[in-house]
Structures are given as C-alpha cells and as structure tokens.
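Please go over the structures that come below.
The following pair of complexes shares a single chain, chain A, combined with chain B in the former and chain C in the latter.
Then we have the complex of A and B:
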C-alpha cells in the first residue's frame, strides 16, 4: 500500500511553538487576582501529630487562607482510597501534607508555613517491606482493609498456568536468583504544577492541570471534593513530560482546589525541582525471587516468581504494575508453566507510582538475567536459547494473550545480525578494557490495555467551509507526538495539506472521553478513533461529491484538497463541497463524532484473557566496554529491533526509541533515589544522575513491520517498549564480559569494581 | 535571594570596595557557579557581593607568558584556558578542564572561583596543584603576596585568604626543558560530564632524553579534606627510569599516592571504592 503522508518523516506539528518559547506550560499560567499556594509537609516520615497551630500563620499580612484536615471535608484519594488529602493524627511518609496556605505571594505563603506550629511524637518508621510483613509490625496505613492475608499488604496478585511439578521434572537446568531493583524518578523537565480557579458564581472549578488522564482525574477529584464531576473542568496546558507521574492524583491538586474554593480566587501551586524529586511519582523498587527452568534442548519449561514491591505509605495506580509484570513472566517467550505471586507492601517510604514501562523493566531485567544464566549452565549460546523460545505469530500464551502478529523472532534476528553478535562478541578480551554484547527481549501491550470499564477514545471532526479540519480528540499529548500522527492520518485520508489540520485536545468541556495517555495506547486507540471518524466524514463528503460529479462512490478519489472522479477526471475542491452541504440543502455541517473501543477483553478473576488488541515485541543488543580498573561501563552501541506493526512517522518513532533507550540507560547505569530512613538524600540533578549528552551511545533502530490487522494502518503501540529491555541487556553484557553476576541496579562503577573484587577474592 | 552588589571596574575601585566593607559581611562573585547554588541552600542575611565580573584589570582577566612562568588571571574562564595556546603544553590542565561540568558552565566558571571555593573536588585546582603553581594574592593595601598552591587550602571550603585579600592570579612556573612529558588528569565519576569527581588524579611528569624522571607532580582530589599534593609519590619517582619501572615500582608509587587519601563514604561512593579506584588508576598511569 502506498501512502502520501503515512510513513514519511514529519516534524511534530507543535515543534515550532516548543522551540520558540510560545508553548504555555503550567508554570506560565497567570490568572487575574491569582494567589499562591504552599504546602506544609511533615518533618518526620513516621510520627503522631499532637497538635497543629495555624493561628500565627493566619494573622500574617497577605495570607488569605490556611487549611488543615480539620477545616476541610474530603474523601480519601487514589487507587485504594487509603490516602487522605491532608493528614490528621499521624503522618506516614516524608511527603505527607499537614497544612496549606494561600497568600498573595509565594514568599508570604512560604513565610506563613514557617509560622505553623506542629507538635510531633516521632515513631520508628518501617522502611523495609520485609519488616512490615512481620507479625508484630504495626499497621502502617490505617485505611488498609488487611484483606490480603496481612495488614500491611495493600494488594496481592496470584497467577498460574500449566503444570509446574510436571515441567520441573522435565527441566535439565533450574536457575534460582534474587533481583533487587531500585527506586528511580523520570525527572520530568517541567516540575508539577496546578492552577485552580473556582467560581463562586456558578460553582464551577477549573483546573489547569498536567494530568495524563483528564477524565479519570475529573471523576476522582469530584469524589474527593464531593462535587458534581461536570462542575469540574480540566484544562491541560502543555505538559513538560509525564512518563506516568501524572496518572495518579497527588494531594497538592485537591489542596490547590480547596484553597481556591475557600478563597473564591485562583490559586497556583508550583513544585520546585527539589519538590519534584521528593514528591512526584516514582518507579517502584522491588525484590524479585525467580526460578526458571529449561529442558536439555534449551526449551523453557517453567517460571516461578515471588515479588515483594515497596508500596510506600499509600496505594497508587502503581500497584497495578503487577499486571504487566505478570504478563512478562507468563508470556514473554513460550513457557508451558508459570506460578506468580506479587505482594505490594505498605512501608513508611514515599508511595510508588507507575512510570513508563509500568513494572516491565523490573520484570524483564530478572527474566532476561535468568535466561543468560540458563544458557550458560546448558552450554548454549545466549542468542540461540532466545531464538528457539521466541514468541511466534498465531501463538496464544498461557495467560491467553493472542499474538495475531508477532515480530519477536525477526526483532531478535535483526539485532543479532546488525550488532555482529556472533563475530564481535568472540574477540579476545584480555586488557584493561573489555568489550562484549548483551541481549534481551521484551513484550508489552500494543493495542491498549483493558483495565478500566472502557479503554476507548472519542473523536469529533469538524471540516470548515475553508477546507480546514479540526480534530477534537479525547486523547492527550504529553510530548509523545501523537497529535502529529493523528493529523497525518487525517491528511492521508482526506488528501488535504497537513497545515490545514488543527488538533484540539486540552479541555474536558470540549473534548470527548478518553481513558488517558498510558499503556503506549494513544496512536493505536486515538488513531483508530480518528480513522473511524474520518470514514464517517468521507462518507458524508462522498455522497455530496458523487452527486455533484454525477458519478458513483467507488469512482471518487480524495487528493490535493479535492475529490476527483477517476473516470472523468473532473473534480471539486473539498471546501466547495463543504459549502454545498452547508449553505444549500440539506444545510448540514461537515461534522462527525466517533467512539472507538478496542476489541480486547477483560481478564477473568484468574487474570486470563486477551487484555490488549495486539502486542509489541522488541529485542535489544547492547555493546558495552568495561574499564576493569575503575568499574565504569561505557555503552557503545544499542541495537533496537522492535515490532511496531507499521511505521507511521519515522521521525516521531525514532524520537521515542532514542528517548526510551536513554531512559533505560540511566536506569541501568546511574540512576537511583537514595533513601535513608524514609528521607531522600539525592534530590538534585547534581546527585541524581540522569545520563548526559556525553553518555549516549549510538542507537541503531530496525523497525519490524508486522502489519497488525487491528492497528491504524497496521501500527501497534510502541512508546514504552524501547526502555524496557535496555538495563537487562546491559547487565547481561557486563556479567558475561567479567564472569560476574550483576543482579541489581544501577550498575555503577563502584558496584562493578566490587563484583570484580569479590570474584578475585573468591578465586584467590 | 536578596543581596546588594558592588561592581568595581578598576583595581582602585575594587580595593576601595574591600576597604569600605571590612566591617560588613561580603563575598566575591566571579562566574557565580558556586556562589549562587551555595546561597540558594543557605542565604546569608545582609550580604554584599563584590562582583568581579566587570573588572577590567588584565592581571585578573588574561593569560600571559612572563619571565617567571605562565600567569593565569583569576577571572579567566575554563573556556579561556581550553583555547589558550601556551597552556596546551600542560595536558593535565587541559584534560581537567575538558572533564569539567559542561560547555555552558565552562564558559562562565573561573579559575579563581575554582581555587577560592576550595572544594576537595575542584578539578582545575587539582591540576594546578600538580603543576606546582603559586597563588598571587592581592591585599587591600595594593600589595601582592604569593603562596604555593600546596599551602593554599586549609580545609574544606577554607583557604589562606584573609578578609582583606583576594586571588589575583596563579603562576605556573617555567618547567625544566623536558624530553618527554607524561601528563594527564583522570576523573572518576558515574557519568561522562556534569560530574563531581568521586576521586581524581592529576599528574605531570617529565623525563630527560634517557628516560630519567626529572620532575614529577601528582595531586589527588575528592579523597581528603582538601586537594593534596602527593609529595612522597613524586619523590619516589624522581631519578627513576620511566621505561624501566617494575610492577613493584608502580605499586609502590600507588601506595605512596594513597598515603594522602583519607576518603569518606557518602551518597556518591564509599571510602572503599575511592581507595581502590585511586590505587588502580595511580598504578595505571606509569
């Protein structure tokens, strides 16, 4: 199939605004009469609050409102409704909000915080999930129902398929290891912000929020504030990075709304970089105990998994990462049996969120390390063992995932070939610097994920009498480039210039419903939705055009802003046809709406079912060089093979691939939030080490096109995938080169040197 | 952040500003890449900043060759050092600057600021110590006193500078003519730029035509309270033939470097790692 726009390198339609400083971010919003909010947070990660005295703060000139749990009426927040907006009686993690102030300036608001007197009785916190599981441990979250076998387990997941005992018998090799994964943060370039504007005239609350899920947000805020959802209007300014941090509501958001409701004035809360480090959502830490087996030919037999996740003090959507983790263990590579348990355990640490990859980088790290170890024990090549177990088209996994298209093997083959895995990996490696290549694969949802009552997205199209199209989509843009892809689809279908297409996607009062931007779903779900709407629009235009051109519908071609009859060569400009419809009988607007719901299913209570319309597969080969004197790992090349179904916009796709790999690189080598007794110790870019330009390897990308039948033009979701296998492949490379086992992250020079030194002392 | 600034343009105005404010609390500001982050962490009440950035005195602002050596003005930036032709013969210095922060920071951060901030992790300072450079200090009465950089640092964030003094320049004395130079800067960190050294080693070693080591300067950073000149390691090398150093010699050299290291464990690295890596790289340079 030949396309005019799809598959072409199209710069993002919002790129000009971004680079010229025209984009309006949350930080740029300023409303008349706006107040500034500030939040008093706890001094201790675990304490009883004896008293809170706000009298001095209230008296400070310029202070308009001070709130505590005592003078607001709210429901609890988040996934398990276990999170009070403002804390009363006790605090349980270092983020805990005790009071908030609205004042005429930021400085006065902060000054007022200093005047609030809180008496605490400090308690010994519990920062290790294993401690929290002990019988005599206190109940950390008093809203926990304790319905998962332990008062401190927030959520427990159990899954199984196949006959574990039987498969164990068949196994020629069984590997058991423990993997320890750290907490990391995505360091969104734009720190969190919110501006709330409550109107006392009509009781409407407008929130300028950088949420990734505006409609879920609207609903949850309404529950928390006990308001009618439709009285809440969510406007999304340009979002400077989401990565999953904006899936959950955080207390500062309803707090800001409360300050605005109380004062009747707009109120703004902006996070500093330090606050962003401490108080925004993070990738969960977890300990994964994994046992895997393979028969003598290297065919995988079973997996047995036990995971303890640090839930922190409250339960966010992050608890649902257990879903995605389960998928990797049950269904990445063919595996006849799997038993999986994951417990999210309350602690006095900051509560975990869900970051790009949604648990998958952790799961993939553990699984891919075990695969290398099995290959080693069986005396098999590490590429070979992966190829013979790779997923294949037509496979239905033990969990019920249906792979109608599957590029797993081609992705592996591409990176094995292009990295020179078989030739370069065999080089002699005697000196100070040692090189080698590591491999890893990944599986992720590629067609949405049905975990909410609907996984759909609505679109409204409006073609005006000048031939310009407005796409009003329910989906959100958080920098991933989906706006551009949606506009490209419309340009392709209607044969009009991309410049004549506008995308509106920032206002819940205007846009139709969508579940939100997550699960790599936007191009797929919103794309299918736009295509469905375009089909309706084209039908409308075609009927009129056929009449005007005196021809049949099949004879019509949309191109160059016209609709042409193939037979006669006669054509009409599209805007002319719109005017014919509008200004003459039947006097109709050229507007249509469409709602797309993916064909996926809900999983049953045993977590079985085809939760996504399709699945993305990827493999990475990473060439690294280790300096054995310093322990420093330099990543030289990353080869990415990824089943994207169909390349829609190569430029946007490469951007996502490169960004993902870099994120994976940071996770692998240098990023870690260092907590000591519940306090974060590294809350600046100085001490929290994201990769810099000089750390970035060459990234080689080989898209695999499998033409997914359910996808827009055959495309699948792709944006989380590139980050998922990177750390695993790097750890495999380093482990193999040095003959050590890297089973935790990050792989800092110190950790590598320690591994080398431990190996030497074992041998000597 | 709220402070008053005074921006002298001539040395006279500068000295006047120092004299006028002896009773008050003032700080100097050059490139501000240390001062502003420091004040952001803890603002000092009633602070006056004497801004050196507008000063027109070439003793402060330029790099020039003189009879006694190469003089680097305190206000020269890292970028100035990188592009100066006289300084290319000191790879230790050039490599230290190349490892320093990022292009943006290098274009404003000054050599004087790096020395006066007296961080044990100061990269350029470490290189200058290895080169045997001498600080040239301007006193409010207009006089100059000199202190070798090996004696310049008195502790974490403290120097020999008194309240009525500031650093004008540093002098790298002329070196004996050398047949061969072994010179470089090794900075240990988790990433390749924007890094505070976990440990660093600066070395500048020369030999005659027979390979005999005629001068040796090595210094270490981030492993003690201050940057330290590793004197006994240098002495150990003098007179030895560079091409005939045994494995044992190299290890003795590394052991000597380590005598000056008393590293701490912090969130960046453990004392064990700093120790181990410093020994490894010290041995590796020979």
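Then we have the complex of A and C:
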C-alpha cells in the first residue's frame, strides 16, 4: 500500500515552539494574583506526631493560609485509598506531608515552613520488605485491609497455567537464581509543578497539571476533595517528561488545590530538583526468585516465580506492575507451565510508582539471565535456545494472549545477523579489554491494555470553511509525538496539507474521554479513534461531493485539498464542499465525533484472557567492552529489532527507540537511588548518574513490520519496549565475557570488580 | 533586611536594559522573573543539567550559577533572542526540528544555546568537529527523552 504521508520522516509539528522557548510548561505559568505554595514534610521516615503548632507561621507577614490535616476535609488518595493527603498522628515515609503554606512569595512560604513546630517521637522504621513480612512486625499502613494474607502485603498476585510437576519431570536442566533490582527514577527534565485556580464565585477548580491521565485525575481529585468531578477542569500545559511518573496523583496536587480553595486565589507549587528526586514516582525495587527449566533439546518446560516488591508506605498504580511482569513470565517465549506469585509489601520507604515498561525491565532481566544460564548448562548456543523457543504468529499463550501478528523470531534473527553475533563472539579475549555480545527479547502490550472499565479514546473533528482541520483528541502528549502521528493520519486520509491540521489535546472541558498515556497505547488507541472519526467525516464530505460532481461515492478521491471524480477528472476544493454543506441546505457543520474501544478483553479472576488487541515483540543484541582492570563497562553497539507492526513516522519512532535504549543503558550501568534507613542519599545529577551524550552507544534499529490487522495502518504500540530488554542484554554480555554472574543492577565498575574477584577466589 | 542593590546595564537579545538588582540575584531569576522570558528552563538550579544555558557575550553559561551583576556591560542572548528579527528560527533550531531532536522539549532551549555557542566557536576557528567532539560538547546538557542521537545528528548537520 502506498501512502503519501504515513511512513514519511515528519518532524514533530510543535517542535518549532519547543526549540524557540515559546512552549508554556507547567513551570512557566503565572496567573494574576498568584500565591506560592510550599509543603512541610516529615523529618523522620517513621514517627508519631505529638503536636503541630502553626501559630507562628500564620502570623508571618505575607502568609495567606496554613493547612494541616486538622483544618482540611479530604478522602485518602491512590490505588488502595491508603494514602492521606496530609498526615495526622504519624508519618510513614520521608515524603510525608504534614502542613502546607500559601504566601505572596516562595521565599515567604518557605520561611513560614521553618516557623511550624512539630513534635515527633521517632520510631524504628522497617525498610526491608522481608522484615515487614515477619509475624511480629507492626502494621505499617493503618489503612491496609490486610486482606492478602499478611497485614503488610498491599497486593498479592497469583497466576498459573500448565502442569508444573509434569514439566519439571521433562526438564533436563533446571536453573534457580535470585535477582535484585534497584529503585531508579526517570528524572524528568522538568521538575513537577501544579497551579490551582479555584473560583469562589462558581465553585470551579482549574488545575494546570502535568498529569498523563487527565480524566482519571479529574475523577480522583474530585473524590479526594469531595467535589463534583465536572466542577474540576484539568488543563495540561506542555509536559516536561512523563515516563509514568504522572500516572498517580501525588499529595502536592490536592494540597495546592486546597490552598487555592481556602484562599480563593491561584496557588502554584514548584518542585526543586531535590524534591523531584525524593518526592516523585520511581521504578520499584524487587527481589525475584526464579526457577526455569528446559528439556534436553532446549525447549522451555516451566517457570516458577516468586517476587517481593517494595511497595513503600502507600500503594500507587505501581502495584499493578505485577500484572505486566506476570505476562512476561507466562508468555514471553513458548512455555507450557508457569506458576507466579508476586507480593507488594509495605515498608517505610518512599512508595513505588510505575515507570516506562511498568515492571517489565525487572521481569525481563530475570528471565533473560536464566535463559543464558540454561543455554550454558545445556551446552547450547544462546541465540539458538532463544530462536527455538520464540513466540510465533497464531500462537495463543498459556495466559490466553493471542499473537495474530508476531515478529519475535524475525526480531531475534535481525539482531543476531546485524550484530555479527556468530562471527564476533568468537574473538580472542585474552587482554585487559574484553568484548562480547549479549542477547535479550521482550514482550509488551501493543494494542492498549484493558485494565480500566474502558480502554478507549474519543475524537472530535472539525473541518472549517477554510479547509483547516482541528483534531480534538482525548489523548495526551508528553513529548512522544502523539499529536504529530494523529495529524499525519488525518493528512493521509483527507489529502490535505499537514500544515492545515491543528491538534487540541490539553483540556478536560473540551476534549473527549481517554484513559490516558500508558501501556504504549496512544498511537494505537487514539490513532484508531482518529481513523474512525475520519471515516465519518469523509462520508459526510463524500455525500455532498458526489452530489456536486454528479457521480458515485466509489468514484471519489481525496487529494491535494480537493475531492476529485476519477471518471471525469472534475474536482471541488474541500473547503468549498464544507461551505456548500454549511451555508446551503442541509446547513450542517463538518464536525463528527467517534469513540474507539479496543477489541481486547478483560482477564478473568485467574488473569487469563487476551488483555490487549495485539502485542509488541523485540530483541536486542548488545556489544560491550569490559575493562577488567577498572571494571568499567562500555556499551559499544545496541542492535534493536522490534515488531512495530508498521512504521508510521520513522523520525518519531527512532526517537522513541533511541531514548528508550539510553534509559535502559542508565538502568543497566549507573542509576540507583541509594537509601539509608528511609532517607535518599543521592538527590542531584551529580550523585545520581544519568547517561550524557558521551555515554551513548551506536544504536542500530531494524523495524519489523508485521502489519497488525487491528492497528492503525497495521501499527502497534512501541514506546516502552526499547528500554525493556537493554539491561538484560548488557548483563548477559558482561556475564558471558567475564564468566561471572551479574544478577543485580546497576553494573557499576565496583560491582564488576567484585564479580571478578569472587570468581577468582572461587577458583583459587 | 534589604539586600544591597547594584545598578547594572547590559543588552539582552539586542535590547538595552538598566536595572537596580540585588547583588545575590541569579541571572536565571532575573531572566525568568523580572524579564518574564520563560524560555530559559530551571532544570536543577545546580549547574548540572544545562537546561538554563544562555549566551553571555556569545559564550554558553549556566544562568543558574551566574550572578546577574556579572552581566554588567555585557551582552546576553536567551533562546527568545536567538533567531533575530528577520527569520523565525535560527539554523540551530531549524536543524533540531528537522532531525527530530525534540521530544518533551524542556532541555531543548538550553541544548540549543549550548549548540549555538559551540557552533560559533568552531566557525571562529574554521574547525569542523567530528561526532566525538560534538558529544563531548553536549555533555553538560542532560536530555532524558531522546537518547541524544538525534541531537548529535542535528549538530553534525550544521557543519
């Protein structure tokens, strides 16, 4: 199929604003008469609060309002409603908010915080989930229902398919290992921000918020503040990085709203970089105990998984990562049996979030390490064992995932070939610097994920009398380029210039409902929604055009801003047809609405079912060089094979691949939030090392086009996938090169040297 | 307590400015809060991320580490003043757009200014940098979205 726009390298349509400083981010908003908010947080990760005295703070000139749990009326926040907005009586992690101030300047607000007197009785916190699971451990979160077998388990997931005992019998090789994954943070370049503007006249609250899920946000804020949801208008300014951090509401958001409600004035809260490190959502730490088997031919037989996740003090959407992790263990590669248990355990650590990949980088790390170890034990090649077990088109996995299109094997073959895996791996590696290649695959949802009552997205289209189209989409833009891909679809279908398309996607008072940016779903779900709306719009135009051109509907072609009759060659400009509709009978506007709901299904109580319309598959081969003297790991090349269904915009697609791989690189090599007794010790870019331009490898990308029948033009979701297998592939490469086992992250020089020295002492 | 005030005079984006300022005021705060030029971004306020990069006499500096009194008699360019009056975007900005070097865009203004400074330096020395040199010169600007590849491509295309 030939397309005019789809498949072309199209720059982001709002890039001009972003390169010239014209884009207004949340951090840039200023409203007339705006106050500045600041939050007093706990001194201790675990303590009883004896008293809070705000009298001095209230008296400070310039302070307009001081709030504590005692003078606000709110419901609890987040996934399990176990998180009070302002804490009363006790604090349970270092993020805990005790009081907040609104003042005429940020300096005065911060000065007022110093005047608030809090009396604490410090308690011994519990920072290890295993300690929290002990019988005599105190209940950490008093709102926990304790309905998962232990008072400190927030959520427990159990899944199984196949006959585990039978498959164990068939196994010629069984590998058991424990994997330990750290807490990391995406460090969005813009620190968090919120501006709240409450009108006492009409009881309406406008929130300028960087949320990724504006409609879920509107609903939850309304519950927390006990307001009518439709009285809350969420406006998303330009968002300076999301990566999952903005899926959950954090207390600073309702706090800012409360300060605005109390003062009747706009209030803004801006995080510093240090606050962003400590108080924004993180990728959760996990301990994964994994046992896997394979028969004598290397065919996988079973997986047995037990995961302990550090939930922290409260429960975010991050608790649901167990659901994606489960999918990787049950369904990445063919596997006849799987038993899986994952517990999210309360501790006095900062609470986890759900970052790009949603648990999948952790799961993939463990699984792909075990696969390498099985290959080694069976004396098989590491590529071969992956190829013979790869997922295939038409497969229905043990969990019920339906792979009507599947590029797993082609993705593996692409990276094996292009990396020179079979030739380069045999190089002599005797000197100080040793090189080698590691492999890993990944599976992720590619057609949305049915975990909320609807996984849909609405679109409204307006074609005006000048031939310009406005797309009003429910979906949100967090830098991934969704507005561009939607505009490309409209330009393709209507045959109009991309420059004549505007995308409106930032205001819950205007845009139709959408579940939000997550699960790599926007191009797929919002794309299908736009295509559905375009079909309706074209029908409307075609009826009028057929009448004007005195021809049949089948004879019409949309191109170059016109609708043309193929038979006669006669045409009308598209704006002329809109005017004919509008200013003459039937006197109609050229506007349509459409709601798209993916064809996926809800999983049953045993987590079986086809939860996404389609699935994304990828493989990566990573060539690394290890300096055995210093322990430094240098990633030279990353080869990415990924089933994207169909390439819609190569420029945007490559940007997501490269950004994902480099985020995976940081996860693999340098990033780790270091906590000591609940306190974060590294809260600056100096102490928390993210990759810079000098650290990046050569990235080679091979898109696999499987033309997914449910996708827009055959495309699948793709944006989380590129970071999922990177750390696993790097760990495999380093382990293979050195003959050691890298079973935790990050692979710092220190950890590499430790692994080398452990190996030497084992051999000695 | 009133902090000591100093009178300074300098040009910003080609326009002359005379102000009395607190001696302790940072250039970024002056740019964003006094002049309301919000294109310069406060990513860390610790000189670590580069998002607040502006040009002082054509050279890139972190405006979060620079006192505004030190621009007295100098010329400051922010992202808003880069393109001049004739065209809407500078060649650096156009190259960033064309090469897909922009995602969320919060690092972008600082990145653009750092690249502008680097490009001027190279042009001055009649030097064509290789990819490694380009990477080295972008080291002070953190981007979490793009993985840097497209930004490096955008710089390479300028020479």
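Note that in this section the second predicted complex is superposed on the first by the 764 of 764 C-alpha atoms of A that agree within 3 Å, B and C clash if a C-alpha of one lies under 4 Å from a C-alpha of the other, contacts with A are read in each partner's own complex, and residues count from 1 in each chain.
Here is the rule we use: a residue touches a chain if its C-beta (ideal position, glycine included) is under 8 Å from a C-beta of that chain, and two chains touch if they have at least 3 such contacts.
Bear in mind the structure is a predicted one, so any value in this text is a computation, not a measurement.
Trainee: Please indicate which partner A:432 is in contact with in the superposed arrangement: first for chain B, second for chain C, both, or neither.
Mentor: So A:432 only meets chain B here.
Trainee: What is the contact status of A:631 with respect to chain B (first) and chain C (second): first, second, both, or neither?
Mentor: It touches chain B, and chain C stays clear.
Trainee: Which partner, once the models are overlaid, touches more of chain A's residues, chain C or chain B?
Mentor: C
Trainee: Go through the superposed model and pick first if A:677 touches only chain B, second if only chain C, both, or neither.
Mentor: neither
Trainee: Would you sort A:199 into first (chain B), second (chain C), both or neither based on which partner it touches?
Mentor: A:199 sits against neither chain B nor chain C.
Trainee: Applying the document's definition of touch, where does A:692 land relative to chain B and chain C: first, second, both, or neither?
Mentor: It touches chain B and chain C both.
Trainee: Have a look at where A:753 lands relative to chain B and chain C in the superposition and call it first, second, both or neither.
Mentor: A:753 contacts chain B only, not chain C.
Trainee: Could you tell me if A:12 is touching chain B, chain C, both of them or neither one (first, second, both, neither)?
Mentor: Only chain C; A:12 stays clear of chain B.
Trainee: Please indicate which partner A:669 is in contact with in the superposed arrangement: first for chain B, second for chain C, both, or neither.
Mentor: First partner only.
Trainee: Looking at the overlay, what does A:659 touch: chain B (first), chain C (second), both, or neither?
Mentor: A:659 contacts chain C only, not chain B.
Trainee: Which chain A residues lie in the overlap of the chain B contact set and the chain C contact set?
Mentor: 685-686, 691-694
Trainee: Considering only the defined contacts, which chain A positions touch chain C in the complex?
Mentor: That would be residues 9, 11-12, 15-25, 27-28, 30, 186-191, 238-243, 272-273, 478-481, 651-652, 654-655, 657-663, 684-686, 690-694, 696, 699 of chain A.
Trainee: Which residues of chain A touch chain B in the complex?
Mentor: Per the stated touch rule, the residues are 432, 629-632, 634, 669-670, 674, 681-682, 685-687, 689, 691-695, 748-750, 753-754, 757.
Trainee: Looking at the complex, which residues from chain B come into contact with chain A?
Mentor: Interface residues on the chain B side: 102, 188-196, 198, 267-270, 272-273, 276-277, 280-281, 284.
Trainee: Enumerate the contact residues on chain C facing chain A in the complex.
Mentor: My answer: residues 36-46, 48-49, 51, 78-80, 82-83, 88-89, 93, 96-100, 102-109, 112, 134-136, 138-152.
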